[in-house]
């Protein structure tokens, strides 16, 4: 089984290293990851310049582009390989709720899925999380399960892991994405040249974190596993919009 | 009515100018757009550096960030305004099917929607489209319809306009996003220093372009209007994944 | 006479516009400038990606690169023109003393000079200077002087203009670059994610600002004109280093 | 003796690693280098955003900025150290003649010198040079010479090493920078979206490569050592420009 690994924190990230080390026990691993931290990159693709592939002493490949670029190029011809699975992570921090839309980690997995490859995003929840071994082991268990019992349709899975020792986990819950309240205001400041600057503010508090959500699972010590899809059509509104346009 | 305009082609883009000119007839317009072309930016947010707001002689504001940054900052405090609507565009080219996920134009509207503001993305289909007046007039008609008959719930609408004179349009269809075949392979080349480089290849051909899709509507001379949502949960797979994890 | 204009503040900069307006009275003007603010760019060249030339409604060309890229491409083939002179500016702020080495404004002129074209950098001294008309008029007078009495060897001139009405100027002094004390310390701060960040600190105070320097001329109300060269060889140290290596 | 190392190829570069390994035998080494390849960066400083310092598993620090940023921040407060010497390299390729002005490798050394620290730039000549051990050994010998016999004034030295085994070298020559002919034309091409693009073309052939130049020394198997200065004033032209302005 050939697995393509990527992430959004960069090819040198401890989370990615832990993942590669653990998965190498059960599969053939190729790493293609961004040359620098691209957190918040979402599904951005680089269209205005060409990209280059380089190889680090670790054997990992890195690309001067986004997480999506990495997976796109790896799967569409930069490497002579066609992965059986794409795994992205281990992200340093959660990718839950509607923030998922900004995530480069989830975007790398999404790109694999869009190209027809079953894909998994792995995130370790917490501000400076430490239990990468837990998340790596869970990713390996997922791969072993796929080896025993392949998916019957292409899946895109978003796994968020509490920052706990493996033994302290309560189990795994299949969840829906929760919702957050509106983001906090932008943060105004001044740079040393006296010019006004703005930082993007923190995300909002959880608004829907009830039973069944990823927020709820992780808060209660469970691994959260959310199946994702990428059809953004709001089918429930099609009729309503038709009525409205007829007015 | 206050409308925030943005785009992903940059604040100087003819499509944005046409939109601003037309909407100024019926609403109070504020433009906050990227300082340079950010096509393909998706929902990327700039987290590793602060952003600056500047004002062009045209009165348009521009930001050294992504389309999502522009809308995020404008709505969360950079300007002392709270828009009644966010409109993004007019994009030079289509945003249909599953490519929508890469679009900075749609992302700007999505950010408005995530922040609670009804939002519309406007794209003019074609490689070098010219009928910006058509698209601008359709956007104005949408605003007038909202003024007559406000949305009863926040909407995120994705409008794609055929590159035709207004009179040649066949009407408007409410659609679902179509699907494309897998993207074309990456394009290998060599730079003048003799190093191998890769360009992201073109999108794939339409795979689901049947009746009811945005592809079908536009191909037949209709304006396509797709209501979008941003919950990526694949609810239909939750039970199946639960079974699979139990194996 | 054909003049190529560039700068480092971006093609939309008021200083550049004032310069173009004034010089159009006496020469044929082509503007090729960076698409965004590239202050501090020094002589950097973009080698890892291709560049694109676009044209603004103002007729100015802009490039997604550095000041040096702009002049390099304009002179080596991007435009079907060979300028008789390159003028860079009007910079918003001084380029005097050893800071000159960091300046994108001076770098644009340097690139013209390296390509065999007589070149002039124009800077308006002050934190938020306003007397662009003064600097533009002085640049026009320089061009008229070149037209009357051409340089006998290629020159690279660095002009710094006090932020005064034209009538208040005391005259023009040909100067040497002054020297500054060591730069101020880097400024430590924290970003909203709690990570330590550093801003480059301000330049040092003038150390050599005596008679004959650019600092001294401007401080006394004179326009400073410094002829520059770009041979960095320290010929005075060649013998000493030879001795030292023999030890 | 404390030595600050930097480069422009990035903190992961084999040339930098070879240099650090060799110099660690005779001095206390701290590496602060760019997080990615910044060849061609010249003396550019990052003024519009803050910088971050991170540490790789190798113990090397890296910064999301230019070579000049790295040295500037390291010396002005980011680290609690004051180096006795700054050494930049080993660059993969020559930095000779008037190209030196574009070099990020030389710029890192220049920044050390501007901040009062004796500095050395080390480049290994050739397109894909391999003899990093030679260059590293020569750098170590320079450090040992400084330890035996300190500089009596701050020096900025530019060393270019032929890509030969140490034993094959003919010795060391103290040189002046040569001159090149004008750069080759820009290279026109088309990107996959059908848009015209331009690459910066190659440097020109050597125009002054005679006896006494860096070009000549290296072509004849000698290490070239050029003392540099950073005063760009063309003192020989001051009188001439005065005359000209009087006309």
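Letters A, B, C and D mark the chains in the order given here, with residues in each chain numbered from 1 onward.
Rule of thumb we're sticking to: contacts are C-beta pairs under 8 Å (C-beta built on N, C-alpha and C of every residue); 3 or more make two chains touch, one makes a residue touch a chain.
Per UniProt, the chains are A, B, C, D = 5'-nucleotidase SurE.
Small disclaimer: the values here were computed from a predicted structure and weren't measured.
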item	value
Chain pair with more C-beta contacts, B-C versus A-C	A-C
Chain whose mean Cα position lies farthest from chain B	D
Rounded Å distance between chain A and chain B, as computed from the means of their C-alpha atoms	23
CA centroid of chain A to CA centroid of chain C, Å	45
Geometric centre distance via CA averages, chain C-chain B, whole Å	39
In chain A, residues with contacts to at least two other chains	37, 47-48, 50, 52, 64, 191, 199-201
Footprint of chain C on chain B - complex, ascending	12, 35-37, 47-48, 56-57, 64, 191, 193
Residues of chain C defined as touching chain A within the complex	48-50, 52, 64, 127, 187, 191-192, 194, 199-202
Of chain C, residues touching chain D in the complex	37, 39-48, 50-53, 66, 68-69, 72-73, 76-78, 98, 100-102, 104, 107, 110, 114-116, 145, 148-149, 151, 155-157, 172, 174-177, 182-186, 188-189, 191, 195-201, 225-238, 240-242, 244-245, 247
